[in-house]
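Below you'll find the structures, each written out as structure tokens.
First subunit A sits with subunit B, and in the next complex the same chain sits with subunit C.
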Partner chain A sequence: MKILTCPMNGDRNIDEFQSFGPVRAGLDPDRTADAEWARHLFRAENRKGVVIEWWRHVPSNYYFLAERDLVSNEIIRTFDSSDPQGRT
Partner chain B sequence: MEATATYPFMAGGAAEGTTLQAGAVALADLTACPRFGLKGGGSAAWLKSRGISLPDINRIGAYRGMRLLRLGNEDILLLAEGGGEALAGLREAWVRDSGAKGYSSWREEGWAWLRLSGLRAPQAMQRLCALDLRADKFGVEDIAQTRVAQVEAVLVRAPAGFDVLFDVTASAYFARAVAAVTPYCQDLPTETEGNI
Partner chain C sequence: MPLRLLKYGLSRTYPISEDIPATPDLLPSYDVVIVGGGGHGLACAHHLSKYHGIRSVAVIEKGYLAGGNTARNTTTIRSNYITLEGIAFYKEAVELFETLSQELDFNVMFSQRGQLTLAHSEATLRSFHLRAEMGKHMGTRTEVVDQKTVQDLCPQLNLDHGGPLEIVGGLWHADGGTARHDAVAWGYAAQASRRGVEIHQRTEVTGFEVVGDRIQVVNTNRGRIACGQVLIATGGMNYDVALMAGVELPIRCYPLQAMVTQPLKPWLDTLVSSVSLHTYLVQSSRGEVVIGGGSDPYQLYSTRSTLDMKEHLAEGAVHLFPFLQGVRLLRQWAGITDMTPDYSPIMGASPVRNLWLDCGWGTWGFKATPVAGKRLAQTIAEGRVPDILKPFALERFETFRLLNEMGATAASH
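After this line comes the complex of A and B, so read on.
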């Protein structure tokens, strides 16, 4: 069983979670060309490295952030999205 | 609560005919008991404005004889057993208030409330839930939001057992899942007893 540590609920079976993909900057609707929108919406980045992703603990419907190594699949840390130390 | 409400295990309900077992692992249906959930921005502030003190997240407080479950920063559930007059009064005040007050999360309609009790209830929970629910790890004021019998659930301790709140449409399935694990809860080695 793979364990993910939810910032609100503690250590849980990863089956209790749903992944929502990497945190990405939003696009400026006034400055974005169609091709950029298409890329933003339909193409995944799929690079190697460490990313910060949105996750949801399904039973409590709690959304939080997790830093994960995409090569080793190691979850480095998890934190609440309002945590001022979180994204640094 | 409407006097005409039909809950799954009642006559005419979706789970009618499903056995709620008694014995060493017993199941009781409390779905018809009054409860009231608030969710969304303003919920906590509204309850505090009524003089209700809120516990920390995933902890249980009390208000006028009811259990008050803090499921999230802005997700609060009140459980009333018995008359529920205090709950009805609070609900009426909430309905009348036209200011910021959060939203009803409709827990009285969306969730089933089953109580698992009996001598072997802890052993049944061992098989139904992955969490460590021993008394020293999961106390009477703790809340576990997790999976029980593979169903997303809110789990708290009850007198001589556990209260489980989950999607009301899974009522019959849950009763069958408890029945399915019960035969395996009879003959655990005696040295595990007392540690649960």
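After this line comes the complex of A and C, so read on.
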């Protein structure tokens, strides 16, 4: 069992969580060309390294961020998306 | 040792046969460099050398021959997809498998036993009707069958009448089957080697020298190679390898896990798959029951196995066949799958003029080995993409012409 530390619910089995993939910058719908939309939709971060991802604790429907190594699967830290210390 | 036996060993009439020669020294240049010594790359090398007269070909493999996803898949061969483009492509794959042992003069143990996909709900049955009609339209053997037929096709199944996972029907695909994955790669490698293709094992591509819109040099840990054309066919490493040439693919990597039981007497004839249980089973020619399911639920570049997935697969397998509960697991493993957003592969041209792609094979690559090799060899030899591959172009993600095969792929193969 792999443990993910939820900022709201504490240490839980990773089975209780759903991954939503790496954080991407939002686009301005009025100024975005088709090619940029295509890139935004389909080219996700997939490099071998550390990424910040959206996760959801399914039973409580709580969304938060986790920093994780895509090679070693080490979860470096988790934090609420409003946490000013979180985004680096 | 009996001298009579030694006589054969020394005789010129019975030379030592060498299917795949040891890795030779790298030449300064090749007409075609194939990155990736798995089934796909070797199939392409075979077709280039046999049908297109291109023999200056180097297959560059980081590890050992066919040791990546070719060795890790669960050997399902089928064409019961949803899109016209997908069915046309995989139909050719099945047809090539039907004659592959003759083509390669190597027994790939193709066994066309049919694939039975189970529905546990009316909603699943509706999607099966769509797949069956598309399949019939394209000339494949795919049909929706009722409970009684499911029982006839696979009498060992626990239909669990009335339960929450009651089997209400199935999709019967008589064209489906399985083959020996290693044999497919070895057969292609032996044929290609015989015609002069060089297979370089333990040779890792470290970068590409791109000048203008062409790759001029492939750099490896064993030296530089000047190249005419380059094909990327590296399975789970496709994203990384393409990025070395400046091509960013719409791929995310997920582990895919599978396992086998101890060998049993032959009892399971068809390939059985359950959409709702995310579990599928096939009995190999050695008697082991191969059990697979969906990819892991989050991105990872790792071939580690997890107990969670083992428990999940065991639960599905025991639900379908309760008598498997006392059977031991023999092996478990994982591969890295290069998943695309629409669950279809990316084949053909790239933004780099002499770089061709055989990527995005996710969880559906083994069955396409012969057809991908054949059609990409044609692409490289003629310098243009044949019609059957055009729908799978990388540009489809810019033009929003996706080929959605998720319903016919995810965990139900």
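Just so it is clear, the second predicted complex is superposed on the first by the 88 of 88 C-alpha atoms of A that agree within 3 Å, B and C clash if a C-alpha of one lies under 4 Å from a C-alpha of the other, contacts with A are read in each partner's own complex, and residues count from 1 in each chain.
The rule is short, and it goes like this: a residue touches a chain if its C-beta (ideal position, glycine included) is under 8 Å from a C-beta of that chain, and two chains touch if they have at least 3 such contacts.
Fair warning: this is a prediction, and the values are worked out from it, not measured in the lab.
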- Winner by number of subunit A residues touched, once subunit B and subunit C are compared: C
- Message: Looking at A:E16, would you say it contacts subunit B, subunit C, both, or neither? Reply first, second, both or neither.
- Response: first
- subunit B versus subunit C as contact partner of A:V58, first or second or both or neither: first
- Query: So, does A:L41 touch the first partner subunit B, the second partner subunit C, both, or neither?
  - Reply: second
- Which holds for A:M8: it touches subunit B only (first), subunit C only (second), both, or neither? first
- Query: Which subunit A residues lie in the overlap of the subunit B contact set and the subunit C contact set?
  - Reply: 1, 15
- Query: How about subunit A: which of its residues touch subunit B in the complex?
  - Reply: 1, 8-9, 12-13, 15-16, 57-62
- Partner subunit A, residues of subunit B touching it in the complex: 57-58, 71-72, 75, 130-131, 144-147, 152-154
- Which positions of subunit C touch subunit A when the two form their complex? 239-240, 243, 248, 250-253, 297-302, 304, 306-308, 341, 397-398, 400
- Item | Residues on subunit A engaged by subunit C in the complex (per definition of touch) | 1-2, 14-15, 18-19, 21-22, 34-35, 38, 41-44, 46-48, 51, 53, 70-73
